[in-house]
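Listed next: structures, encoded as structure tokens.
What follows is subunit A paired twice: with subunit B in the first complex and subunit C in the second.
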Partner chain A sequence: MKKDYVIATFECDEKVLHATEKVVAKNIDIYDIYTPFPVHGLDEAMGIKRSILPYVTLLAGLTGMILAFSFQMWVFNISWPVNFGGKPFMSVPSFLPITFEFTVLLGAHTTVAAFLAINKLFPGKQPTIIDPAQTEDKFIMAIDKEKANVDDLTNLLKEQGAVQVEVQNLDLSI
Partner chain B sequence: MSDAHVSKFRQKLITEDRSYKQISEDILDTLEAPPTKGWFIGFSLSALVLTIGTIVILYQVTTGIGTWGLNKTIGWSWDITNFVFWVGIGHAGTLISAILLIFRQRWRTGINRAAEAMTIFAVACAGIFPLIHAGRPWLLYWVFPYPNTRGSLWVNFHSPLLWDVVAISTYLTVSLVFWYMGLLPDLASVRDRTKSKMRKFIYGIASFGWNGSTKTWHHFEVLSLILAGLATPLVLSVHTIVSFDFATSVIPGWHTTIFPPYFVAGAIFSGFAMVCTLMILTRKIMNWENYITVGHIDAMCKVITLTGTLVGLAYGTEFFIAWYSGNEYEQYAFINRATGPYWWAYWSMISCNVISPQFFWFKKLRRNMTFVFIISIFVNIGMWFERFVIITTSLHRDYLPSSWAMYSPTWVEIWTFIGTFGLFFTLFFLFIRFLPGIAVAEVKSVYRYARENK
Partner chain C sequence: MSTNLDVKNFEFKGGLRTTSLVLIAVGIIAMICGFLTNKTVGWVDFIVTSVYFVTVAVSGVFFLAVTGVLQASWITPYKRIPEAMTKFLPYGFALMLLTYFGLHSVYEWTHTDIVMNDPILVQKIAWLNEPFYMIRMVLIFAAWIFVGRRLLSLSKKQDEGHDVSQKIVSSSAIGLILFGATICIASFDWLMSVEPHWFSTIYGVNVFSGSFVAGMSFICLATIKLREWGYLKGIINDNHFHDMGKWMFGFSTFWAYTWLSQFLLIWYANIPEETEYYVLRLDHWNFQFFLNVVLNWLAPFLLLLSRPAKRNTKRLKLVACILLVGHFLDLYLMVAPKVFEHHGIHHLSGFGALQALQWLGFAGLFLFVVGTAFSKRDIVAKGDPQLLEGIDLHQ
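What follows is the complex of A and B.
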């Protein structure tokens, strides 16, 4: 869905960070900022909610752990108990390596899948690129036009070091 | 920002002054330019060796592993030596990307991409050996516990060989996704910079629609930390479990509790040596001396000295405990290693692994690239001999003197091993040609380190 956005281009990570703090202080919501590398503190300054990924990992890891351990127990105690050189059937220590590995396996892959799903990233996706340099050396801030007075905002952003501020009609949801 | 603190103790991570645009140009322009002559020669040579290796593997799979020099006493030798050798090398990449991330070592950004790639290629080379050794590789799926018509008859979960299968496949896949997720921002950068339609299309698919949104970066950083947190115990567990293959059996020289830490230290040691070998070449060939600096090599040499000394300590401890245990089989196994028919392997191991890294106590030598390159080759050779010593000399004379035997490799085994180097270097040459060999976004984020603000 196309919408009007105020697009401000910065050339320095510190400037975009200061500008963000100023814009947020005026209670203006920033839609997103596109940067070539993660700018430390920018997510906090924008007020982005903490990622839920750690909970996904915990849940997936625990699932992996329980699955792997209970499966090994089931195999050697219920399904088909085999006597391997007199070793006990319920030998917890020898089940631990696989339990650990499976915990990591499920935890890691589920977290990656969740990361891709949350950010709607998939092979072949065609995203909206405002400026090809946003993955190289430009820091691009997008603010929903309806959420602010365009003239005031433009002045503020220019004061903060934006090299270019303009209104563009874009679909930034993809 | 905290990174900008200038102190005489902090050295710049990127030695020359560069703009963000120039950093992209330095690293990504090589993907656009036609390949250099050096690249073509290197790649063709590796591909040729790989082809010979593939033919040799096909020959032994169709003929059987009777083509190897194994006998009823020595059931494991070059195959498992090479397997452990490659798995060990495959430990440095994840160590650099995971453990150094957790320790906040900023210098890792220059080398982590190539080191991780190297890890994946090394583990792929390692996997070939158990695959062939299984005899009938097309039945490899039997190692997985799937419901079958034989009962279901399950796999043996008490067996360290099965643990190994699970550990190595977990390690390979987790390293692969960790590496690929890190590639996304840089692939997107290639997509946005290129003028070629074909590259735009291919890198467009490969970059999953990355656009550098701060919302995505936020999740991305959390993801990196989580994967690092998971990969850290994983990388330590993998070589621990490899050492269980030996430690849980009752062969003199194998049945010791020191094996897990000893193997892990050895793995890091050999892995860093291989990273040094490759990085010294790569920085030269690709003109990346600004990004993979002498400081990086210096830091890696320190890790090599630490882990090399740990390995030396383990050799000494093993010897001492063999004597102290009072067990004559154990004692003989060690005396035989040092003075028996394979004495040359033992002393090659000691001189390459214990003595050679001690030169790195001197800063001058750590910063001499030719010297580091030579020593890193010695360490690679030494670590191969370590596995040969552990495996072959322990097996060739065990409890019954009537079953003692000697082993020498056949041409099939030698060419299979050389062939894996072909695979390794072919993949590495393709990697530096088609993928960003340095993590561009990460390097940009540490550019300000120890540098005053513009």
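What follows is the complex of A and C.
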């Protein structure tokens, strides 16, 4: 869906960071910022909420732990009890390596899958490129045109060191 | 390059200085009481507590070396703490030399009559004999003190404005190799040889991981306390604490990993000469045995699991204290059970207030030495070219 966005181009990470702080201070929602490398502190400045990813990992890890442990318990006690070296059927220490490995396996794979899902990344996805320079040396801030007064915003962004501010009709929703 | 930072330097005086001196006095009294009640118990406490603080001090050398070889910038704001910790090593050396007089009380292999009539021990004579044991101890400390001093002198050169970055990398790399070899030999000698028939190859790694957790806990505790006392304002932020939390969390889990590796293989193979180590502890030291795992891994793991916890200084202080106590229990359980069994001492007679007070006494000495060394230099590594990057730490 195409929409009008105010697109501001910056030439260094510090400027885009300070501009973000100023824009957020004016209660204007920033749609997104496209940078060639991760800018430290930008997430906090934009007020992006922390990802739910750690909780997904925790949940998947716990699931893996419970699954692996209960499966071994079922196999070695109920389904197919075998005597290993005279040890009791319910030998917790021997369950631990598999429990640990499956916790890590499920936790790690689910984390990767959830990361891709949360960020809507999939094979063949077209990257959102406003200006090819955003992958090299430019920092681009996109703000929904309806959410701010364009003239005021342009002045503010120019003051903060934006080299170019213009309104473009783009589809950024993918 | 030098940076103009307006920070107050640490002064070792007043309450802290008095406290450490009082602790030393208390420790000496507790030690005398310990030796008077039972010579063996006294020596076990002395050896365990000396090894404890030596390993904490040497983990400072390791921390400096590992961050030196990586040219890590995030350590620079609190680099002076591990640097000061290395200053305890000569004192630790003196304490360990004193254990020479207690060898007969603790180490079975020092009794020639027993060794000669023991088909296993007689074959280990080439390694386990008193002169070679002391020579090894001297060599181990020589290596540690050498590496510590070398890194410290390079840091001083940095303060004078010289560029020694490459020298720090090469010295740290050599230091790491020396450290890896010596910490294994040290733990085999001082701790594992208490049970000369028994051996475990992962023992050194286990001791190292526990020591580094304790060292990291001390660094974390010291940094938090310094900030509470008004030092390091604007130098240390939550991200630095988050780093330290991650170190404690990670290495505590690494300790549990090595601990379980040792236990699992012995439990699974079920060979009498190996299982004796765990049979003894599970039969008579059952509570302490499992408490050790709770203190060193389970409690820190659960308490530091979430991100806000690692950035919360109260939580970090609690975990650091738990880990510092846990490391003592860990080392104590490596030495005491066999010695007590050998001398027919009831297991609980050597585990209580007297040991805690003695530990506090040594802690007083450690604080005094480290605090004095820490107060003698600038509180932050002003000459370190990576200091500003380290202060402006992000995630």
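To be clear about the criterion, the second predicted complex is superposed on the first by the 174 of 174 C-alpha atoms of A that agree within 3 Å, B and C clash if a C-alpha of one lies under 4 Å from a C-alpha of the other, contacts with A are read in each partner's own complex, and residues count from 1 in each chain.
In the analysis below, a contact is a pair of C-beta atoms (placed from the backbone, for glycine too) under 8 Å apart; a residue touches a chain by one contact, two chains touch by 3 or more.
Treat the numbers as computed from the prediction; the structure is a model and nothing was measured.
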Problem - Simultaneous placement of subunit C and subunit B on subunit A, clash or fit - result: clash
Exercise for the section: Give one of first, second, both or neither to describe whether A:V163 is in contact with subunit B, with subunit C, with both, or with none. Expected result: neither
Handout entry: Touching partner for A:S94 - first (subunit B), second (subunit C), both, neither
Key = both
Exercise for the section: In the overlay, answer first, second, both or neither for which of subunit B and subunit C A:F102 touches. Expected result: first
Practice task
Quick one: classify A:P127 as touching subunit B (first), subunit C (second), both or neither.
Solution key: first
Practice task
Could you tell me if A:P54 is touching subunit B, subunit C, both of them or neither one (first, second, both, neither)?
Solution key: both
Practice task
Count the residues of subunit A touched by subunit B and by subunit C, then name the partner with the higher count.
Solution key: B
Exercise for the section: Have a look at where A:V112 lands relative to subunit B and subunit C in the superposition and call it first, second, both or neither. Expected result: first
Practice task
Determine, under the contact definition given at the top, whether A:Y34 touches first (subunit B), second (subunit C), both, or neither.
Solution key: first
Practice task
Would you find which stretch of subunit C runs into subunit B in the superposed arrangement, from 169-177, 295-303 or 367-375?
Solution key: 169-177
Exercise for the section: Residue by residue on subunit A, keep only those touching subunit B in one complex and subunit C in the other, then list them. Expected result: 40-41, 54, 87, 94, 97
Problem - Of all residues in subunit C, those that touch subunit A in their complex - result: 260, 263-264, 267-268, 270, 305-307, 394-395
Handout entry: Of all residues in subunit B, those that touch subunit A in their complex
Key = 1, 19-21, 24, 145, 151-154, 156-158, 160, 162-163, 166-167, 170, 173-174, 177-178, 181, 184-185, 188-189, 191-193, 204-206, 208-223, 226-227, 230-231, 233-234, 237, 241, 244, 441-442, 444-445, 453-454
Problem - Touch list for subunit A against partner subunit C, complex - result: 40-41, 50, 54, 58, 85-87, 93-94, 96-97
Problem - Touch list for subunit A against partner subunit B, complex - result: 12, 14, 32-43, 46, 48, 51, 53-54, 57, 61, 71-72, 75-76, 79-80, 82, 84, 87, 91, 94-95, 97-98, 100-102, 104-105, 107-109, 111-112, 115-116, 118-129, 132-137, 174
